[in-house]
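Every chain is named by a letter (A, B, C, D, E and F) in the order it is written, and numbering of its residues begins at 1.
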Amino acid sequence: MRPSKRAADELRTVTLERSVARYAEGSCLVTFGETKVLCTASLEERGPHWLRGSGKGWVTAEYSMLPRATHERTRREINSGKPSGRTQEIQRLIGRSLRAVTNLPAMGEKQITVDCDVIQADGGTRTAAITGAWVALHECFAWMRARSMISVDPLRDHVAAVSCGIVKGAAVLDLDYAEDSGAETDANFVITGTGGLVEVQGTAEGKPFSEAELLELLRLAKGGVADLVALQKQAIA
Amino acid sequence: MRPSKRAADELRTVTLERSVARYAEGSCLVTFGETKVLCTASLEERGPHWLRGSGKGWVTAEYSMLPRATHERTRREINSGKPSGRTQEIQRLIGRSLRAVTNLPAMGEKQITVDCDVIQADGGTRTAAITGAWVALHECFAWMRARSMISVDPLRDHVAAVSCGIVKGAAVLDLDYAEDSGAETDANFVITGTGGLVEVQGTAEGKPFSEAELLELLRLAKGGVADLVALQKQAIA
Amino acid sequence: MRPSKRAADELRTVTLERSVARYAEGSCLVTFGETKVLCTASLEERGPHWLRGSGKGWVTAEYSMLPRATHERTRREINSGKPSGRTQEIQRLIGRSLRAVTNLPAMGEKQITVDCDVIQADGGTRTAAITGAWVALHECFAWMRARSMISVDPLRDHVAAVSCGIVKGAAVLDLDYAEDSGAETDANFVITGTGGLVEVQGTAEGKPFSEAELLELLRLAKGGVADLVALQKQAIA
Amino acid sequence: MRPSKRAADELRTVTLERSVARYAEGSCLVTFGETKVLCTASLEERGPHWLRGSGKGWVTAEYSMLPRATHERTRREINSGKPSGRTQEIQRLIGRSLRAVTNLPAMGEKQITVDCDVIQADGGTRTAAITGAWVALHECFAWMRARSMISVDPLRDHVAAVSCGIVKGAAVLDLDYAEDSGAETDANFVITGTGGLVEVQGTAEGKPFSEAELLELLRLAKGGVADLVALQKQAIA
Amino acid sequence: MRPSKRAADELRTVTLERSVARYAEGSCLVTFGETKVLCTASLEERGPHWLRGSGKGWVTAEYSMLPRATHERTRREINSGKPSGRTQEIQRLIGRSLRAVTNLPAMGEKQITVDCDVIQADGGTRTAAITGAWVALHECFAWMRARSMISVDPLRDHVAAVSCGIVKGAAVLDLDYAEDSGAETDANFVITGTGGLVEVQGTAEGKPFSEAELLELLRLAKGGVADLVALQKQAIA
Amino acid sequence: MRPSKRAADELRTVTLERSVARYAEGSCLVTFGETKVLCTASLEERGPHWLRGSGKGWVTAEYSMLPRATHERTRREINSGKPSGRTQEIQRLIGRSLRAVTNLPAMGEKQITVDCDVIQADGGTRTAAITGAWVALHECFAWMRARSMISVDPLRDHVAAVSCGIVKGAAVLDLDYAEDSGAETDANFVITGTGGLVEVQGTAEGKPFSEAELLELLRLAKGGVADLVALQKQAIA
């Protein structure tokens, strides 16, 4: 029995609320149970210098946690002068995931930065961030189309993400912090709306895992992402 | 006529919602119109080394803005490696304001850090932060009393803050961004529940101001803070 | 009785010696009793990039203390990699104060940086710095006029500053370190030659202060600044 | 046909030369074709402070590339003041991989740091580093046993790693730079001597990949790692 | 003929004024013509941790230039976050030079930091700094002896320094900025009161120099240092 | 008797192997006994901005040590955020030494960066680096001539370097770590193929040295450099 009483293949309650930030071109507050991430998409007048003349745009992401998003207060990264390795790993992952479903030439030579700020953290912040970031990015492209800045939607597909893991020998979907901190294997899957794999990251925290376990985790993730994509469709409707 | 149609001595709609952060010992989401600041108070097991043996506690504050809290996206300070001068000025101000009404020896040798994270910025973020931080700190002390960690309430008084300014020649209370960016004089007042002055900061942005103008701004601020203190009392009731 | 035997409204001995730096376009060594600050004004061939095409100039300031300006040696800020919050607060204040009396378009698209380096610190370094910086800036503009780089004096007025405080219940002018470290309220006033207020910063170090006390401090400051402006006039004569 | 004429499941020539660093407790120069990584294992007298009293040891890794390991010279990270996100990601991966096969309590409260410095880079540096780091770590433990610092071998198994990818639609093993830069999917597998999975990281660089493709890459990786483990056994014989 | 009309073996006017800093345990303002360096010696209650239990003291130095010490304003190093290579080279040289004549065990386990801040720079700042730092250090030791903190003078000898160079083919002593910037060879010599060599640093700026030239520069330096030591003796008398 | 049984004027076994780096335009692995330094010369498409329009090129150097090049592991400089003073001193020395024999206008407006990475350190790393860097630079110029990027060889002469010292009262050539750590005087000499002096750096580690000792060290160095230049000639033949 999971601490949250959920079935092995059951997501936490997930909500995707868009248009939550007054000034951003796109935004989404995503919650996976007690995990809450504010995603804002900002259209930037000037992208990086290497964009000029390239004939395509760029989507990038930044990720941060509020200091008291967590059970114990976490020191602000600004006070150590640089983002941690974990932060950089996550923001690179979010950016790659969004670009995997974006037609960059269709954007024009513009950059969109999606900021994912964790308001509250109960496990699965990076996968929640990817799921919400897609909604914010979608809203940003809608904003651009409404102003005739682009003529076609640069998004080729949905993308969403979910964590899975082996906890006490059993494969489970969408770990909360209590499960995550004791998992033997921890995996994150980024999957498109049509079921294509964008990122697969599995890590043995304790003993190594088997191919059969990897496949079981992948099966759970596909089911979870299908549900998340359905929620994204509702959110942008 | 003010852009917001408010009277010269009229605050924006102010709300103070407490217990908004699941893990923090105290928290408050404060809004002044479209300005929104999340304040969390964290009781820290270990304060700075100079606290040990001092027989008193410490209250400190940190302040940050989400990148897209603002009209244009602001670069994260982590990317320049250090907090800006403005950030440091504000977090020092919040900390001093809270300590001015705290009986530090009554806290025991503990540190409380109040994090003020601006979710949305429409002027007056530092004064909103002080006003909300007091509520979060109050809740943290209640949490400690409920666990018999302290026997008396270390808070001696309320403290709240408001901005005022001279805009197009007229003194007005609680400037929003539209007013603030064009103000001739900009002033912030931090005042206790019993009307004592904790901080007075007046700055001529254009031409110098007169003693009479300073007094008129102070009169507006006193009225505004009285209203804010009444709202704090409701929030903690 | 003050430790220095001065009357409540009495400045320390103040000197303003200009042309003390061989290479700078303007300079002034200012002393307020044992506090000594070297101010140099440097005309910079290239200002910040946003100046180009703006049709106006810019005046900025930097502030630093020699490590052994103080009673105990202070660690150099370079060794922690960034200016402290206090340093940044002070250099922003000096810059704003100078710009408040400068006709920026009259300067042309040039930047002047006024460096204020504290040689010895006995309280009131920021107010001494502002008072001396004005003289250095004046000398720099004279240098430019002598070379026909500008046709009118960009300075519209004098500006000078002084600290005041409530010490043992009494309002006093121009605190030295011994008074400053025990003051209940500490205030800095930046005032123009014609008595306009540029900056008012009052901080309760212990218990809050009253409106009456603020006004008494302001009265002392106005008298002090009038004397300082007279000394500036002598210095540039 | 691959640019290197290799079969799809064929590794480059791999060599593992140990005892190459005179001063380190363990070392290995690993080459995968033109990729060369020097791995040294350093037994540190003092580990991080949280090790004391924990009853177990720690293995960590650092990774860096010489500036001209690459086709074009890469700027040293020291000149930007911090390790890049990529560097941090890789050194975290190496450390996790080694710890997955190490019995930390059997080490005593000591830290071993394995430095992986890329002398020449032709793709697959992180997987080569893991493969060589295991040999250096093994040699370090042998050094400790020879001095009776530990009584049993803390290594529970071999661990080695290899990259795979989808290049022009075909799954291939051990990509060199020419293949890697054009791969549609890029994956790294860290696998133990007994075939357990430690890390699986698959990334779609262009279009998403399918479950079948993931399984084909995994099959290639298992074969490659089996060969690498055989070479590790020869190297330590 | 030298630009300053000096003979080849003639120093600029050198002055050494001690007790110039009110708070420092030792101080000296040294001038070599237009070069002015303020040297303060600070006795530090707590030295570096490795001093404890070592049975000896430590003398270290820090060096900095005021931004407008130079013909053109120099950016403060704090703004690039770290001391330049030149600054570090110089402060290491000053520290080594002072330690070469100090009996470290006779100091007790204390650290003295000598700060050398260049007020005005016209060439030869590092050699002026060493010459003045010795006087400040001597005064600091006298301060300690007067308080019975040490019983013998830890200084075993004088140390002073001077620059020499080959300018337009001729060897000259004590280069000012005009000569230094065009010198073919630049050399700095640190020499004790009894004529022992502490540091010899000769650098060809243009074409290489010969052994005969090195010897001629050394001859000039010995004469110059003898004069500087005589001035040190007067200063401390 | 020296620990290595060498005669006072005897170099360690020196090897200079060129073309060791596949991608660099020039490279050399230099060994002085157990000291090993990899030198690569990189022709950079874009040099520093001040090069443009100057009509000449630039040669610069960077120096670093692998963490376990040394007896005890050295912390990577990246982890403290900046190169140490020692590192900066050495890389400035290498760059100056190479430029002393380079005809910069003959290079065109290009920059060559010579990276000197110490693989193993047993004393004399900076002098080995200079000796090897010259070979790498020579190979880089040959690469450019082969592509008709330059028409004449910009190298005017050889340059090589060696350390000498006073150990137990005797002057010896080419100190290894065991000798270096106990030397009374430590000196580095950079000398051209025709015997011109480029850099002379002598430092008393313990008691001061005499002019006679300096001359004896110089005599040893000249002999050593003559041998090194002969080896350079073989290496490039």
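Just so it is clear, a contact is a pair of C-beta atoms (placed from the backbone, for glycine too) under 8 Å apart; a residue touches a chain by one contact, two chains touch by 3 or more.
The UniProt protein names, listed by chain, are A, B, C, D, E, F = Ribonuclease PH.
Values in this document were obtained by computation on a predicted structure and should not be read as measured data.
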* In this assembly, which chains make contact with chain D and also with chain F? -> none
* Figure out the least number of contact steps between chain A and chain D, where 1 means they touch directly. => 1
* Structure fact -> Joint neighbours (chain C and chain D) are none
* **chain A on chain E, rotation in degrees - Cα superposition, rounded to nearest 5** => 180
* Farthest chain from chain A, comparing Cα centres? -> E
* Asked: If you average the CA atoms of chain C and of chain E, how far apart do the two points sit, in angstrom?
  -> 33
* **Chain centre separation (chain E, chain F; CA means) in Å** => 28
* Asked: If you average the CA atoms of chain B and of chain D, how many Å lie between those two points?
  -> 51
* Structure fact -> Going by residue number, chain F touches two or more other chains at 81-83
* Starting from chain E and stepping next to chain F, give every chain of the ring in the order they occur. => E, F, D, A, B, C
* Structure fact -> In their shared complex, chain B is touched by residues of chain C numbered 81-85, 88-89, 91-92, 96, 100, 187, 191-192, 194, 196-204, 207-211, 213-215, 218
* Interfacial residue positions of chain A with respect to chain B in the complex -> 21-24, 27, 34, 38, 40, 42, 44, 62, 64, 66-71, 73, 76-78, 81-83, 113, 115, 117, 119-120, 122
